[in-house]
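Same chain, two partners: chain A is paired with chain B first, then with chain C.
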Partner chain A sequence: MTERMGFFTDTSVCIGCKACEVACKEWNQLPDDGFVFEATSYDNTGQLGASTWRHVAFIEQTRPVRTSGDGDGGVDRWLMSSDVCKHCTHAACLDVCPTGALFRTEFGTVVVQEDICNGCGYCVPACPFGVIDRREDDGRAWKCTMCYDRQRGGLEPACAKACPTDSIQFGPLDELRERAADRLESLHAEGRPEARLYGESPDDGVGGAGAFFLLLDEPEVYGLPPDPVVTTRDLPSMWRWAGAAALSVAGVVAVAFSGGFSGGFAGFRDGGRR
Partner chain B sequence: MAECHPVGFQWVVEARARGAKVFHVDPRFTRTSALADRHLPIRAGSDIVLLGALVNHVLGNELDFREYVLAYTNAATLVSEDFQDTEDLDGLFSGFDPETCSYDPKSWSYEGPAEHAPGETLEGGLHHAAAAGADRYGSSGAAAHPSPPTDPTLRHPRCVYQILRRHFARYTPQLVEQLCGISPEDFAELADAITANSGRERTTAWVYSVGWTQHTVGAQYIRTAAILQLLLGNIGRPGGGILALRGHASIQGSTDIPTLFNILPGYLAMPHAHRHTGLDDYLAREGGDTGFWGNRRSYLVSLLKAWWGEAATEENDFCFDHLPRLTGDHGHYTTVMGQIDGTVKGYFVVGENPAVGSSGGRAQRLGLANLGWLVVRDLTLVETATFWQDGPELETGEMRTEDIATEVFFLPAASHVEKEGTFTNTQRLLQWREKALDPPGDCRSDLWFYYHLGRILRERLTGDEIDRPLRELTWDYPEDGEHREPSAAAVLREINGVGPDGRALSSPTQLRPDGSTTCGCWIYCGVYAGEVNQAARRRPGREQTPVAPEWGWAWPANRRILYNRASADPEGRPWSERKAYVWWDAERGEWTGHDVPDFERNKPPDYVPPEGARAEAALSGTDPFVMQSDGKGWLYVPAGLADGPLPAHYEPHESPVRNPLYGQQANPARRTYPRAVSPYNPPRSPRFPYVLTTYRLTEHHTAGAMSRPLAYLAELQPELFCEVSPLLAAELGLANGDWATIVTSRTVIEARVLVTGRVRPLRIQGETVHQIGLPYHWGWGGGGLVTGDVTNDLLPLVLDPNVYIQESKAMTCDVRPGRRPRGRAMLDLLEEYRHD
Partner chain C sequence: MTRERSMVPEAEFRSYYGRPVIKAPIWHEPHMPTYLYLGGMSGGSSMIAVVAGFAGHHRLARAARIAAALGAAAGAGLLTAELGRPERFLNMLRVFKPTSPMSVGSWILAAQGGLSAVAAATELTGTLPVVGDAAVLATGVTGPLTATYTAVLVADTAVPAWHGAYRELPFLFAGSALASAGAAGMLATPRAEAGPARVVAVLGAAMETVSGAVMERRLGPVGEPYRLGRAGRLMRAARALTAGGGLLAAVAGRSRTLTALSGLALTAGALCTRFGILAAGRASAADPRYTVVPQRQRLDGERPA
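Take a look at the complex of A and B:
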C-alpha cells in the first residue's frame, strides 16, 4: 500500500456552494436525485445515498442575538458541512461484503467494484454512518470512491478540486491530521471553543476515519452519529459463540434454511432511497 | 458574495484566516453572512443612510486621513455661491426643473468665472440626462475647472469638506436605527472597525454587487462609498478600494467594448445627432482638456482609423460622420416602450432573456409581440424566443398566438468552451481562453455570427451614399475551418492597435491624433504588446510576486490597482512599509514599486504644471487621479451626475416608509414609465405592506437558461421559493414547504414557502417592517428541467437616472397563502389590488 490518503473537511470555511456535489456527480456520472423542493433550508438532496456521494447539510441555528428587531429568533449561525463516506480504518461494509466487490485500495480507501457487486445489500445496514446505499434501478451498492480513478491518475478527487474555499482538503492522512490539529488550535485561540474534530482519532469506534471533519457543534447537529462503532466489532466473539452452539442446533438450522431463504433476502431490497 | 461569487469569495476566506474582520450588510442572512464576523440585517433600499452615517461619523470625529484628503481629494475646493444643498431645499439640490424632473448642474460647479466652466456644465443637464450622460464617465470624470480656488485649512463654509459636514450632519446612528433597522451598538462596531482599520498602516475594502446598483439611487450608493473611502484614504492603495462584483462573466468587458447605447469603446461618448456637428465640435463638448481625457482626440481618431482604415482621413474628419448618432434615451426599457408603441420594429436579443430576466416581464412580452422581427441567439430555446406559443399571457387570454405577427429567428449559440476569446473580469483583467471543443450542430460563436452577417450585408451594398459607412468599414479577419470562423486573436490585435510601421502598439500613450495610429479601444492598447497575446499569459502565482503581473493582462497598461500613485505620500514615499506599493525613486528619477505605476513614470512629486498646460501635463506631481480634469478624487461631484453632486437618502420608488429626512420622498430625477401596462404600487400603501427584494442563488444563473436545463443544478434548487420570517409566516398563515402568492400592481405569482429565521422583521420608525426575499431564476420554459413563475414580472419599471438600471432590489408587495388563481381569475385579482 502507498501512503493512506484522506479527506479533511473543515466545515468552518464551507460556504455551502455545493460545488462538491456537482463536481462529484459530473466526474462520476451519477444520476440526479429527482427535483423535489424539500423546504429544509437550502438542502434539496437530503442525505448521502447511492447517487449523492457528497452531500452538503444546511443547519440554521437560532440563538439570542443583539438586534433592534422584534427578537423573533433570527438565525445567527448557518452551519454548512459537506458529508462524504468516511473510508473507515475498520470498514464494516468491507467486512460483510460476500463477493469481494468492496475492497481496500492501495490508497487506504474503501471502494465498491461495480462489476462485481451483486446487490446483496449486506453493506447497507453494516455502515455505522448510513453512507452506502443501493440504487433502486440496478440494485447495486454505490458510494464515494474518493475518486479512485483520479487518484490512480495522480489527480485529487473532484470535490476537493472544485471546493473554492479549501473546506475540502485532500492529502496523506497523517498530514491532514496535523493540519486539522493546527486549525483546531487556531480556532480555539480565536475564541471558538465549540470547534472540534470528528473521525480523526485512530482510537474511535471505526479505528479512525479516512475522511474526517472539523465541526462547530455536536455531531448529531450535522446528522452524524456521536460515537460510531464498526458494526462488525463483535463478530469474532459472536463467531466463537456460534461455533460452540453450532453442533447442538445444526438440525434446526437446516430446516429453517430450506424454508426461508428467499424471504430472508427480500427485506434488503427495500433499502434503496427515493 | 459567497452566494453569487463563491470562487472569488475564497479570497475573503483567506483574508479572514489572516485576521481580516468581515462585516456583511444584507437584508437576509445569506451564505456570506454565515462566514462573516458580523451580519448586519438592513432594510432594503436604506444603504445611503448607513453609509452617510459612516461619513458623518468620520467627519464629526475628524477621523479622516487628513494628509491624504488634503493632497488627493477635492475637500479643499470651493464650490460656487449658487449651489444649494438638500438641507436648504428640503431634499432637492439647486437646479431642479420639476417639469422635466431633471437637474441643471450649472450651480454645482466649482467656484470660478462662468466662462471657464466646460461646455457641458453650461449647457445644462437635460441633454445630458436624456442620454444617460453619467454612464459615459464609467472610468473617468466629467470636465471641471482644472485648478479651482481652494482653502487648505478646510474652514471656508463653501469648501467641499464643510459642505459635506453640513450635508451629512443629520445622518446619525439614531437615523440608522430608525431607517435601516441597525442598532446603535452594531453601527458603532462597524464604524470603529473601519476607521481603526484605515490610515497609514491599514486599509479597508468595500465589496458590492447589484444589491447596491439596482436602485433608483444606485449610482449614489456607490458615490457614498467613494466619499467614505476617499476620506479614509482607502483608494489607490493595496487592500483598499470599492470592488464591484459584476453579475456575469465579462460584463466589465461589455462596458469597456460596450454593448451600451451611449458609449463607444473606452468610455468615449456616443455622438449626439443634434449636439455634435462634427469631430471638433464633439471633442470640444465631451470632457475636459486636462488629465488623460485631454488626449481624447488621439483615442477617437485611432478608433475611427481602426474601423474605417484608409477611408478615414484628416479631410473627412476621419469618417466621424460614419458613426451612428443618439437622439435621446435608447436604453433597454425605453426601447421596450417603443416596441409597445410600434416605433421599434426589429430586435436583436443576444445572450439575454428579457421575457424572464428583465423587470416588468409583461411589458417586455407585449413589446416582443408587437415587433416585425426578432432575432434570439442563445444556448437554449429561451422564453424570449417562445413567448408567442407558451407565454403566461396566453393563459390569461391577454395574447393569442394567432394575433402575434412577430417573425422570430432563433439562432443557437456556441458556449464559452466552444469558442476562443477573452473574458474581462471586475478587476479589469483580460484572460484569454482557448476553445475546448467545437460547438455542436448549427451552434456558432457570436464573433462568427456578426462577422458573417456583416460580410453578407456588405455583399449586398449599393454605391449609394447611405451605404458608405458599411462599405468603407474594415472587415477582414483571417478565417479558419469549414465554418470559416474568424480569428478572435486578430480581433484582439485590432483592438490593441498598430503604429505607422504596422506593428502592435504597447501603450495608449503612443496613440496619435493625426491618423497615424489605429486602436479599437484605447484602454486595451498594450494587450497585444510585442505582437504577443498578453491576455493569454498564465504564469502561476507561486512563480511571481503577489501582484502577479504575468497572469493575464489588466487595462490600462497592465496596472492591477488604479490610481496607485495614491499609495505613496505627496513626496512619493510609501505611507507605511506595510502598505508600500509604488513609490518615487529619486535617484533614478522614476516611479517604481510592486505594480506598474498609474502615473507618468518620470513625473516627479514636485512637478508643478506650467500655465496653459493640457492633458496629463496639466496635472501636478501630487495628482493621483489622472483621469479627472483636476487630478483629484471627488468627494463632491461638480458635473457628471444626473441626480445631484452628493448622495442623499431617498426612499425606493415603492416603499412602506416615509422619508423622515426630507419632504422629497424618492429620487426626484428617477426615470419612470407611468403607463397602464405596468402600474406602480402607491407609496406607503396598506395594500402592499411588505418590502420585497430579489436576488440570485449559488445554484442557478440569472433567468435560469444556463442552469435549469442541467440536472445537477436543477436538483439543488428545484423550485421558486419565497423566504419569509417565522413571525410573518405565523401572521399570514404561511406553512413551510407550502405555497404562497405574491402580488404587486404588475402581476401575481406563486412560489413555495421557505420559513426561515434568516429573514428578520425590522423595527423601522417604531413599526415592524417585514421583508420578503425572492430569487428570480425560474421561468415557464427555457429548456428547464424545472420551471416556475417569473419573479421579475412583479418588478416596477423605474430607473436610476444616471445609468438607467431598474430598481429590482427594493419594492413593495402583498403575500397571501396558497397558490395563485389561473387564467382570467388572476387578472381579476390583480384588478382588485390595482383599484382598492
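Take a look at the complex of A and C:
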C-alpha cells in the first residue's frame, strides 16, 4: 500500500456552494437523485446515498453567538458542511460484504467493485454513518470511491479540486491530521471553543476515519453519529452466542426424544430403505 | 408515564431535521423474513431428522428430512430473488469471508441445502441409503447453524434494535426454528408417531417466548421499536400465536383438530416473529433517536443503552 490518503473537511470555511456535489456528479456520472424541495434550508439533497456521494448540510441556528466582545449579539449562525463517505479504518461495509466486492485500495480507501457486487444489500444497514446505499433500478450498492480513478492518475478527487475555499482538503492522512490540529488550535485561540475534530482519532469506534471533519457543533446536529462503532467489533461475541444457541437446538431435540432411543444407528438404515 | 418514555429524555436529543443517521435495511418483504422462517424450519427439521433416525421414529424422520430439504431449497430461492442482481447469486460463493455473516451463512446454507436434498432424495427413492444417512448426519451440524446464523447476520449491523440484541436474538431464532420444525413435524407425520415433534414444538415455543421477553427487557429504550407500530403488532401477534400454539401442542395428543390448530398457530407465530424483527429493525434505523441517544449517553459517561 502506498501512503494512506484522505479528506479533511473543514466546515468552518464551507460556504455551501455545492460545487463538490456537482463536481462529484459530473466526474462520476451519477444519475440524479430526484428533484425535490426539502424545505430544510438550502439542502435539497437530504442525505448521502447511492447517487449522492457528497452532501452539503445546511443548519440555520438562532442560538446567539458571541461577537466583538460586548456580549451576545443575537446573531444567527448558519452551519454548512460537506458530508462524504468516511473511508473508515475498520469499515463495517467492507467487513460484511459477502462477495468481496468492497475492497481496500492501495490508497487506504474503501471502494465497491461494480462488476462483483450482486446487490445483497448487507453493507447498507451495516454502515454506522448511513453512507452506502443500493440503487434500486441498477440493483447494486454505490458510494464515494474518493475518486479512485483520478487518484490512480495522480489527480485529486473531483470534490476537493472544485472546492473554492479549500474546505475540502485532500492529501496524505497523516499530513491532514497535523493540518487539522493546527487549524483547531488557531480557531480555539480565536475564541471559538465550539470547534472540534470529528473522526480524526485512530482510537474511535471505527479506528479513525479516512475522511474526517472540523465541526462547529455536536456531530448529531450535522446528521452524524456522535460515537460510531464498527458493528463487527462484537462479531466474535455474536458467534459465541449463536454457537450456544445452535447447541441448544440440538439439546432441545435430544431432550424431546429422550426415552425413545430404541433404534440406534440401525434406525437410520431402516428409515433409509423404506 | 410509561417506562420507555421516562428513559429517553426528548430534550437531550438533537438531529439533522429528524433525519435518520443510518440507512434502514433494504431487504424486501416477504423474501427476507420468509427466508428467516424457512431457514429456521429447515435447520430444526434436520436436527429432528437426525435424532428421530437414531431413536427409530421412521415416519417422523422421513417427514423431517423432506421438510428440511424443501425449506432450504425454497429459502435459497427467496434469497436469490432478494438480490439486486439475482444472476450474480454465485458471487456469494466467490470468497469465504469470516468477517461477513452473510458469506459464512451462504456456505452454511449451501451445505445445508445440498445435504438435506441428498437426504430427502435417498429417502424418497430408496437408493443409496448409506449416502442418505451420512448426509442427514452431516445436517446435524449444518441444521442448527442454519437456524441460528441469521441472528448473527441481522445483529452484525448498525441497526440499534438488532445489534443491541446480539445475545438474545440467536436464542429467539433458535426457539422460533424449533417451534417451526416441531409444527411441520406435527402436521406432516401420523399423529401417533408425532409425539417428539410436539415436544420440540412446546420447548421451542417456550424458548422463543422467554428469549423475546428477555431481549425486550434488556434492550430498554432501544427495544421500543419491538413494541410500537406495525412491528409491535407483529411481535404481539407472534407472542400470542406462539404461546397459544405451544400450549395447544402440549395438550394436543392425538387429536386431529388440536394438532392442526397448534401447528398452524406455531407456523403463523414464527412468521410473525420474523416479519416483526424486520419491521422493528427498519423502525429502529428510521428514527435517529435510537442511534443518537445511546451514543450520546456513552460519550457523556452515562449508562450505555
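Annotations
To be clear about the criterion, the second predicted complex is superposed on the first by the 229 of 274 C-alpha atoms of A that agree within 3 Å, B and C clash if a C-alpha of one lies under 4 Å from a C-alpha of the other, contacts with A are read in each partner's own complex, and residues count from 1 in each chain.
Assume contacts are C-beta pairs under 8 Å (C-beta built on N, C-alpha and C of every residue); 3 or more make two chains touch, one makes a residue touch a chain.
Since the model is a prediction, treat every value here as computed from it, not as a measurement.
In the superposed model, A:37 lies in contact with chain B only, and not with chain C.
Comparing chain B with chain C, more residues of chain A are touched by C. Touch criterion not met for A:189: it reaches neither chain B nor chain C. In the superposition on chain A, A:134 makes contact with chain C only, while chain B stays out of contact range. The residues of chain A shared by its contacts with chain B and with chain C are 38.
Across the complex, chain A is touched by residues 13-17, 19-27, 43-44, 47-48, 50-58, 61-62, 82-86, 88-89, 91-92, 94-95, 97, 99-103, 105-106, 122-123, 126, 129-130, 132-133, 136-137, 140, 143-145, 147-149, 151-153, 155-159, 162-163, 166-167, 170-171, 173-174, 177-178, 182, 196-197, 199-200, 203-204, 207, 281, 285, 288, 291-292, 295-296, 298-299 of chain C. Within the complex formed with chain A, the residues of chain B that make contact are 2, 6-7, 9-10, 13, 17, 29, 31-35, 39, 41, 177, 181-183, 185-186, 697-699, 711-719, 721, 725-727, 736-737, 752-754, 756-758, 760-763, 768, 785-786. Chain contact summary for the complex, chain A toward chain C: residues 38, 40, 46-47, 57, 59, 92, 95-101, 116-122, 124-134, 136, 138-141, 218, 220-228, 231-232, 234-235, 237-239, 241-250, 252-257, 260-274. Contact residues of chain A toward chain B in the complex are 13, 15-19, 21-22, 25-26, 31-39, 41-42, 44-45, 60, 62, 66-70, 72-80, 164-166.
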